[in-house]
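The next block holds one structure in the form of structure tokens; read it before the comments.
In order of appearance the chains are A, B, C and D, and numbering begins at 1 in each one.
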Amino acid sequence: MRGRLTLTTAILLALAATAAGADTIRIGVNEPLTGAFAASGTYVVNGAKIAADEINARGGVLGKKIELVIEDNKSNPTEAAAVAEKLITSDKTPVMMGAWGSSLTLAVMPKLAEYEVPMLVETSSSGKITTSGNPFVFRISPPSALEAETFAPMVAKLGMKKVDFLVLNNDFGRGAAVDFGKMLKEKGVQVGMTETMDQGAQDMSAQLAKLKASDSDTIMITSAVDQLVLLFKQMAAIGLKKRVITTGGSQNPDQIIAQAGSAADGTLHLTTFLPWIPEKTPDPKATESFIGEWKKRGFQFAGVTESFRGYDGIRAIAHAIEKAGKAEPAAITKAFWAVDFTGLNGPIRFAKSGPAGKESGQSRPDVYLIEIKDGRVVVPTL
Amino acid sequence: MDQLIQHLVNTLVLGGTYALLGIGLTLIFGIMNVVNFTHGALYTVGAYLMYLAVAALGLNFFLALPVAILGGLLFGAAIELLLLRPFRGSDIDTTMLVMIGAGIALQSGTLWVFGGVAKAIPSPFPEAPLQLGPVSVSWLRLFVLGAALGLIAVTYVMINRTRLGLAMRAAFQDADTAALMGVNVRLIDTATFALGSSLAAAAGALLGPVYVVFPQMGGLAEVKAFAIVILGGLGNITGAAIGGFILALAEELGAGYVSSGYRDAMGFLIIIAVLLYRPTGLFAKAERVG
Amino acid sequence: MSAILSVDHVGVRFGGLVAIADLHLDVAQGEILSLIGPNGAGKTTAFNVMTGFLKPSQGDVRFRGTSLTGLSPHAIARLGLARTFQRTSVFPDDTVFDNVMIGLHGQGAQMARAPLLAALIGRAGAGERQLRARAEALLDWVGLGARAQEKAGALAYGEQRLVGVALALATEPAMLLLDEPVSGMNASETRVFVRLIRQIRERGITILLVEHDMPMVMEVSDRIVVLNYGRLIAEGPPEAIRSDPAVIEAYLGQGSAARRAAAEAQATREAAHA
Amino acid sequence: MRRLLPLALLASLLVLPLLLQANPYLLNALIITGILTIGAMSLNLLLGFTGQLSLGHIAFFGIGAYVSALTSLGFDVEIGFGHRIVHEPWPPAAGFLLAILAAGACGYLIGRLSFRVRGAYFVIVTISFAEVVRLVALNWVELTQGPLALTGIPAMSVGVPGLGNWTLRTKLQNYYLVLAVGTLCYLLVARLVGSRFGRAMRGLKENESLALSVGINATRTLTIAAVISAAMAGAAGSLYAHYLRIIDPDVFAFSTTVSMVIMVVAGGKGTLMGPVIGGLIFGLLPVALRPVMAPEAQWIVYGIVLIVILFVMPRGIVPGLSALLARRRPAPAPLLKPSPAVQR
């Protein structure tokens, strides 16, 4: 009996949600707000909100305000797919942004094909996303192969001889190890072992002891910022002193500096955004105004390396809607191919990727190598 | 060889806190017959209390530690009074489910209050590690090991040398008889749960500065605590202490020489193996019959 | 007289504690034998050994010529050796009728060749009907027919004992071990129960009884065996036991120290139940 | 009442999609809820009817999902010493059957191994088993793709020889598939529980020593219960894989087991309708809570609701309500409480 009551409530609530606001353009946002990726997902959403407010302050898109429908995918692929379903069918969003992690995005992708609704992918790095023949995917973050390719010219300058990998045991980490390994081998650099660690793992001293004993000169690490902090502290603790390069663009150097202190000194990081040196970014004015707004809202500065992607994502979507001329999925999908503007980390312009006829869109952001030196972020001279 | 020595040193440092976690859990099981699924959440609470005391209140690191442990004690007492006392006499499955519910609520609660971003707790120890030949170990971790061993010793003395401990041991042997002999079993339950919780909080407060503090940190810690308790035999305090070090050793060697991906599988494999080989744990004093 | 059950020099030790030192006795086919002795004498332990709930540290038990060593309780039950329990004699959440149906478990096995499959495809109909009829008959026989649809756990103490007996009888035993069946019963209930025991024996079922109610034991038993500190101290017909000095000493001579030792032994046995 | 409620529920579930006008989001929620409810029913067989709390139940669900997905996707793995196993894709229906068999086989294995221990030990062995399986799924990348997830799993298709083959692509089709499998599982459990085997399970749960003494083989009975329970969970996992069409090692998440346990306990363990009612409530509760509160708060509510139900209706909603509806005088308290020693 209670079962049916609850069900009725659920139906009523869902119907109520559908009825709201027809004079706005709704954009679905499918991000992890709880679970393992909660922190990053929240940053991205905050960035997205800044973009939406900014666009609305300028009069919106096609004369209408944009409205973000934000849903939590709980860092769980099943939920991510369910959320996409809800956003598309119940909230009737003609376009979405999401879903942070690669496995989350991959879970959503069949839904995009099923309902033919486009999604802008802001963070995920798995190569699969843009090579599996889903024409509704448009990605602004670099897949690890692209990141490796951009990093290739720096390999010789750094004088790398042999590299070990320490990566997160998921698509993000393993994908990076494969793509960077391939690139390094082509460059004549020896590739040693690939060690993995679980997402929630806190103590990596065993892996580090193994890496310490290896004869490599460089360790390439792919993980989220919390684990990087732990790694740097634990490396210092066991006296592991090798060149460290992190990849993935989700490292958040400020948090590393704040939390790992001198243990992070000398570490190198591949990032896709340079908020510390706004004048070196492709659109310094936009960078400064974004950072200004971010600080004004009382968010931690450290979050900008995540949130700028949410900001650029919504801006790219707005451009697409503007170009489409109407807020309909098919038109927006087509219009994504015509998007061309300068984002906070380089031009946002989608190139075709994947099997012919069903290509996904992949933008090619800038990738920067930065170094943490005496508690500050600097661009190393190579 | 150097790698092996480094692994062994790591084991020692890690094992101390594992033992602390395990003892808290095994105490609660042994005396109250409650499988405490809030143990991980209390570990997290301990770490956050440490964070609050050091980072927010600006307390001295060494002063903050007892504050966090005391906080864990109060938290544990509250859980026992509010959630376990009403369920006195229920079967073990019911209390286990109550604890699961409480664990979910507590963990989500910390996420709600503190947000998902990991927090770091500054420590007063130097970054540079202590070098002993090829092996190095950080000063902070040495302190953590020392503090953990100290707390284990205090617990041991408390249980074996004090009136409260005597009452606890009596309740452990046979709650009904202890009640007949004038032991206030309800009070013992509250004290036991509070003590066990404070040990979990202490482990969190000690490891918080070593690692970082985040709402999900307790999940893995809890599972490891279970492994340790099973290893040592449910309710066996000495067993739990030794179990902590064995688990740490298995993890270190497993990750170092087998595959780091299966590092966390070591604990579970140990549980399964031990239960199949010796269901009452490795250090059970006498085999139970029937 | 042929022995249906032989306890052959059985000893049981828990750690350092001796529950049964050396027990040696035969139960004759068709008799009512009582096993008595002060608390902690090892009576329930002996029951647990005979029915496979405890493994003896030494010795062997043979039932109808088969050694019970290493057999599990359910296998022993299927050989035709049934028992009741001192403390909990029913499945408390089921109706009295369903209690007996559970007790008829072993009988159901003989009716269908693939019982599980039969249950799944719903072919158990005829066998089930037969079982139900037997359950009803059995309940009427022990005098619980009117209580059939009540929850067993909600019955009065004495009635729960009767359910326990019905359950044991449902297994169609050749021998029945009764563990303090009338403790907690009032005088009239006890009288009814004595009649029931006799009726059971008339069905050809041998009975081994553990009981503290001496008048009842004296009235119903053919033979009595007395146990003290895990040792057999006397054996014989009721009249002989009544006047046996060793028995009187055992019951009267329990000083406080002896009582404490006995209580400890009792606690150990209960741990063994867990 | 006993027969009416399930039939009424079935009838309303049959027409529900028409009322929803095929709202895909709610249908999706109902399908996932339905799949979890089948999982809950299978768990109930162990937890409710034999009294063994398995907190590793998700392992069978996940094994079913992976076996079914891999059967229909095909794989090519090296098993050491240079040998390879190459498997060409089979139709999803074959995957469904293999999932049931494989999960059942694992149930047998776990049953044989872990029923040596009871109570808290059993709980922890089952958790450990599930975690080991999860870690294997995570690390055996060549077979399972590890964290990269198995993608492109084909939708379930049902073939009738001579009549053709239907692929269930739409939500509505999947909804009715899940409803059909769920109904079958319900009937199966009902049959089983009413049989001699069901009585053996109840006997073991209520008083194990007594059950042994009337000739019930504990290990055999519990193992069979575990096999059937695991096989049902495997079926649910297969449905899940072919409906979602992507699975990753997260299907082994402990939290899903907890959800299933909550469904069973809240609904009423050891009752037929309990897991169904509990499944519907707790499956749809997150959907109902989503619009009204923050995600973290939803989980806090979830935890609190569990405790409140245990406190107010310790035997669950279904027994609690039926006692309330019957308005019978409360049964006299049992004079003789079963000794805790025996219950343990």
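Convention: contacts are C-beta pairs under 8 Å (C-beta built on N, C-alpha and C of every residue); 3 or more make two chains touch, one makes a residue touch a chain.
To keep track of the chains, here are their UniProt names: C = Lipopolysaccharide export system ATP-binding protein LptB.
Just so it is clear, the structure is predicted and the values come from calculations on it, not from any experiment.
A comparison of C-alpha centroids places D closest to the centre of the full protein. Seen from the C-alpha centroid of chain C, the farthest chain centroid is that of A. Chain A and chain B have CA centres that are 36 Å apart. Taking each chain's centre as the average of its CA atoms, chain B and chain C sit 46 Å apart.
As a whole-number value, the distance joining the C-alpha centres of chain C and chain D reads 40 Å. Touching two or more other chains at once are residues 53, 271, 273-274 of chain C. For chain B, the set of residues touching two or more other chains reads 108, 111, 219, 261, 264. Contact with two or more other chains is made by residues 33-34, 169, 198 of chain A. The touching residues of chain C, when paired with chain D in their complex, are 51-53, 72-75, 77-78, 82-85, 87-94, 98, 101-103, 105-106, 108-109, 115-116, 118-120, 122, 124, 128, 131, 151, 153-157, 160, 164, 167-168, 170-171, 270-271, 273-274. Listing the residues of chain B that touch chain A in their complex gives 2-3, 6-7, 10, 14, 108, 111, 115-118, 120, 127-129, 131, 136-138, 140-141, 207, 210-212, 214-217, 219-220, 251-256, 260-261, 263-264. Looking at the complex, you find that chain D touches chain B at residues 47, 51, 53, 113-114, 116-117, 119-121, 123-125, 127-129, 131-132, 135-136, 138-139, 254, 258, 261-262, 265, 294, 296-300, 302-307, 310-311, 314, 343-344. Looking at the complex, you find that chain A touches chain D at residues 1-4, 6-7, 9-11, 13-14, 16-17, 33-34, 71-72, 74, 76-78, 81-82, 85-86, 88-90, 102-103, 106-107, 109-110, 126, 128, 132, 169-171, 174-175, 198.
Taken together, the chain A residues at the contact with chain B in this complex read 33-39, 41-42, 169, 195-198, 200-203, 205-207, 209-210, 212-213, 225-226, 229-230, 233, 236-239, 255, 258-263, 300.
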